[in-house]
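Each of the next two complexes has chain A plus one other chain: chain B in the first, chain C in the second.
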Partner chain A sequence: MSTLDTTPSTPVTPRWQTLLIRPETMTFLLLVVGIFAGSQLSPFFLDINYILKSFTLYSELAIVALILTMVIIAGEIDLSPAANMALSACLFAWAQASGIPMPVAIGIGLAAGLLMGLLNAWMVISLQLPSIIVTIGTLTLYRGLAQVIAGDKSIRVPEWFIGVDKIMILGIPLPVVLFIVLALVLAVILGGTIFGRQIYQIGTNETAARYAGIRSARIKFSLFLLIGFVASVAGIMTASRLGSVRYDLALGGELQMVLMAMLGGTYIFGGRGTILGTFLAAWLLVVVSTGMIVANVLPAVQLVVLGGLLIVAIIATNLIYSRTQR
Partner chain B sequence: MGENGAGKSTFAKILAGVHRPTRGTITLNGKPVDVTSPIAAQKLGITLIHQEPISFPDLSVAENLVLGKADDGWFSRVPWAQMTREAKALMDLLGVKIDVTRPMRGLSIADQQMVEIARALASDSRLIIMDEPTAPLTPREVETLFVIARRLRDEGRTIIFISHRLEEVRALCDRVTIFRDGNKIATEAIANLSDADIIRLMIGRPFKEYMHKARAEIGAVALKVERLSVPGLFQDISFEVRKGEIVGLGGLVGAGRTDVARALFGVAPAASGTLWVDGKTVSINDPSEAIALGLAFVPEDRAVAGIFRTLSVEENITAAVPKQIAPSGFIRRAIERAMANDSVRRLSIRLASLRQPIGELSGGNQQKAILARWLLTDPSVLILDEPTRGIDIGVKAEFYDMIGELAASGRAILLISSELPELLALCDRVLVMSEGRLTADIPRAEATQESIMNAAVPRRVAFEGAAA
Partner chain C sequence: MAADPLKIVYIGKNTGNPYFDSITGGFEDACKSLGCEFEFVAPATAEATSQIPFIEAQIQRGVNVIGIAPNSPDALNQVLADAKAKGILVLTVNGDITGNEQYRDATILPVNFDIVGRDQVEMVGSLIGYEGEIAILSATTEAPDQNKWIVGMNETLKSDPKYAKMSLVATVYGDDQPEKSTTEMEALLSNFPNLKGVIAPTTVGIAAAAQVVQSRGIADKVAVTGLGLPSEMRDFVKDGTVKAFQLWSPYNEGWLAVHFAKGVIEGTIKNEVGSTFEVPNLGTITINANNSINTQAELTTFNAENIDQFDF
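What follows is the complex of A and B.
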């Protein structure tokens, strides 16, 4: 009766081949090339501490990018987390500067992040609006509110609160440790749990998911809440690293986050992507950005390179996916 | 005329240049013509009027009228005034009162059809094909359409009128051609045929006895539905399905059968009505609630509502039983693999590997995988919507056996099918829907192709006195 071993309908692709054409492989190879090129520019590049230190500048964005990866796999997008970081941080800094005790001020910041996620979730899931438009709207709204609260000046945070990036665990800065730990946890969740499995299923075919009894609204709602909350954590971490908060904290950060997810092979139309990819892409982005700084590339040109990289990443992943699956 | 899938619409589309024929010639006014595209058809004076007119809703009626006509360059000026004038003249010619400057959006379907007919006149079409134009219309609108159709005929134009409705064909047409399974069966003056003749010609394919069904013990009522309604889709649907029973749901496409299934399963819950599962009143507002109650639904459109195309066969099979493969939330690969393997063996799913994307399997094997997904939920009520559509004969027979076995194991089965032999071969009873209403409940002994078609063909007397 078994038909498993008789007349296969299509030949099986060898395993090494499927591994080779995974987008994460591309990311990894680019990372190796990047490090090699960087080491030609500056001997610092072979110093792990230099790389780690550079990474702390991007660690907050990288942490949010991990959650963003899950949002994109579920078939949605969130462009507001960088603005969310700024508004959460401004609220937190403003609260503590006006004499509210630190723990309460932090709580205000985190609650604000959660609320911002809730607003996105409500509009995307309850009102059924496209997330790209909703979050472009809230991106502007959150950034604008941050400016209303903070004005043009910097709000300082107390001395003792400064320097989350100076805390070392086993010689690794705390933000980087957090990034690595979160990546591990999320990789397990996305790859090994029903919650993760259903994120892929919703992103692949939401109608079919609904027919199979999967509560897609509930899952997407929780993802938007999660990214809102994590963005506020990232915002407060940034405040600690910088020592002061301005409305333009993490300005343009949404580009970097999307870039990390895309470079890591997350499929912009949903249903595909991995935490590993985004993890590797975050390092790649740090290497490329740092390399350009070391090579004295003009900031404007750096932006051109990053934009070009984003486009190349989207084209490459699209090509890879269309080749592996008709 | 003809049954669902007899090839009427495809034929109409070939005439109108939407599809290209692989063989054969079209002769128009004694000359063979080559209809290569809709534009070519228009130049030849052939216009197809769709059931649901396709238009640009935000453009004005007048703009819609001249669409596809302008041969000028991209940047030439639009002759607004002339366009409006001509559009008005056409509307007057048809004797309909539609403001040509208003946008298409918001026009009734009947008025949209009038605009399409006006478009046919604008290009001076000599052959007008109407593909089931009356289905979405009210009786009064049908009457208006017929008056205009007769006027067009009297002007010497030819009309091909495609319809399911016997009375309409009788009231409007001079001759009738009947299609069946993609073949022309007969062309006859309508006066020479009785209603019974037409129905017989529509269904009279050689009756194939597919298989016997493993007779099941029919038990208690598993699913009961009373006065289920969704305004605009179906009204007052009441029936019950017992354990071990296969109840067919027949009818023409658009009769509302799938809508009833979607309502039962909570995809698009009914507006009113009562539902019982295993004797208890329930309300189902989401598929997950339906599944928890022991319902399962194999939807009609596999690609849209069934498969996760790029995900593995294994994942597709286990999609509806998350608690079984992950009792603690973490997926137990061994359990999942074993369940998927078991399904593959039981339903003889042909595949290269459980890890391969389901999109690589043939349609029949994809459908088996979807059925496997639902069997894992151990459902007490199984709703199958056109389960054998697009599946080759051999696999079809396998499906029939499986459906029989499922009923024999005490499950209640509601089988929606447009294939009469399938309903006759499998079902203990056949319910028939027509235009959103349940029109018949035919026990196995009395079920014939004729009795089902009789109940399925709408017989609303829509146009008293319109025959004049």
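What follows is the complex of A and C.
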């Protein structure tokens, strides 16, 4: 019992019980129920290729949601990544359409994503403004700039660049592989490194973390840069999947990302949450949505089910966290 | 051989849009009479990519025909290509993917949109005695269909001597919102006291314009016409606020789509430019350039005599 013991140890609780009351367990159970319900709703649902293919439609948002999970655990929020995706993709598409070589155009898109992350980071960390307000502002700003660049038209990408979702690795579409690999890497970083522990500590009590010598400003700054960069990667992937770019690419995607993090048990006030939770929640969202779509369930019912899921998840997360806090 | 019945699905722009109920009605009735299975699905919002999972799901369900009112001229290209590669007949119905025609097999549109502007000018002209000031109350400044029609109206007014005594004094945009359309209509009336006619080539605009004219009781001074839904305009026509307006029959689009799809799949109709086929109640239909098919040659005009025959 010395310096490294950061997890509150409760020796009386048996291991199965601590496992059972983790929020990811709830996400996992919901996922199992979702798969079962989907297979009951339609005979066309239980087809691994179809589910993987459907996941590619959500994969870009899911990839960003993994980083967003870390941002939320650090006690901040970023609502601008979906707009960032659109602006990065528009800049990239506009650049390559005006004759700039493809690698440079991709570089422009990625640099733009990094810059957008930098702007958020500067306002949140250097100017000490609340991240929710800052990123609602930049959400509108980035989307607006995307519309200025692309207008109401769409910009095409060359034929050879189309189809990142058609590239298969061991029978799995590339965007899904990227999502899985990134989840593994981030899970190790967040769960197994000092850097990861520091993110949790900043989110739990930033003042205390700072007194403990954690450079919270620098860590949060790097998280905002990271999410900006990853959002631009996701934007360019979306451009490749759709074959064209418009200013309304990933419109409303920020809500899907937050939904994935929340469904996975990430605590909106920071300090708690896991990559595994968001990983499972992304699959849950895909399974529930496609399960209902392939069964031709009315969209109104679909919205009710998704809303209900989120409320269940939030109530359960709060209950679990308030229990374990005692 | 009694094969499996043809499975046809129609994917609308979004749910809760009464216009699509009528198209769907045509699909349903035709499927009943020809023995096909029919389903209507639509996303909750009409956003560019929201139809993609629905198309994927229909591919997975193994349908034979996908009819779709596309929400985007190109965001659906890749998934429609997948559907075609699976041997599914892809028809755009009531809207096309202009510029990307290779991703669908044919398009079914109500009328040739090139003549809508001309017909609308003739309509308002006949109502005001071909003389006086007229204005246009449109949807949004970017609405592609409306803009095409407005160009047609301007050209007709300029080139045809029949309309020489009519002058277009303003084109305003109500953004397809009832409140904004009402405000724009009120502004037209106060800015142009001699205004004699208003063309509103959008269902929201014409209803708002008629409402303003009705509440001011000036139907004898200002003629409102345009494109409207009979169900929304019935009362205005019955009390004389609106003498006549136009539209097409969305019902016939669904009706034609099913007959065409069944014919193409069974090999009785050749999906080639210039070929013709017969559709019950619609007569002989020709496949025009770009595999584009129109359900009617001219706009249908609705007035007090015939409006009760239409229920969409």
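Throughout what follows, the second predicted complex is superposed on the first by the 300 of 326 C-alpha atoms of A that agree within 3 Å, B and C clash if a C-alpha of one lies under 4 Å from a C-alpha of the other, contacts with A are read in each partner's own complex, and residues count from 1 in each chain.
Keep in mind that, in the parts below, a contact is a pair of C-beta atoms (placed from the backbone, for glycine too) under 8 Å apart; a residue touches a chain by one contact, two chains touch by 3 or more.
If you're wondering where the values come from, they're calculated on a predicted model, not measured in any experiment.
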Quick one: is A:Lys53 in contact with chain B, with chain C, with both, or with neither? Answer first, second, both or neither. second
Pick one for A:Arg22: touches chain B only (first), chain C only (second), both, or neither. neither
Between chain B and chain C, whom does A:Gly213 touch in the aligned arrangement: first, second, both, or neither? first
Based on the superposed arrangement, let me know which partner A:Gly192 touches: chain B (first), chain C (second), both, or neither? first
Check the residue A:Asp248 against both partner chains and state whether it touches chain B (first), chain C (second), both, or neither. second
Quick check for you: in the superposed arrangement, does A:Ile162 touch first (chain B), second (chain C), both or neither? second
Touching A:Ala300, do we find chain B (first), chain C (second), both, or neither? second
Show which residues of chain A both chain B and chain C reach, each in its own complex. none
Contacting residues of chain A [partner chain B, same complex]: 1-4, 7-12, 192-195, 197-198, 200-201, 204-205, 207-215, 271-272, 321, 325-326
If we count contacts the way the header does, which residues on chain B are in touch with chain A in the complex? 265, 267, 286-288, 290-292, 297, 299, 304-311, 315, 319-320, 322, 325-326, 329-331, 341, 344-345, 348-353, 356-357, 359-362, 365, 373
Of all residues in chain A, those that touch chain C in their complex: 42, 44, 47, 50, 53-54, 57, 152, 154, 156, 162-163, 241-244, 246, 248-249, 251-252, 289-290, 293-294, 296, 298-300, 302-303
How about chain C: which of its residues touch chain A in the complex? 15, 39, 41-44, 47-49, 52-54, 56-57, 60-62, 72-75, 77-78, 142
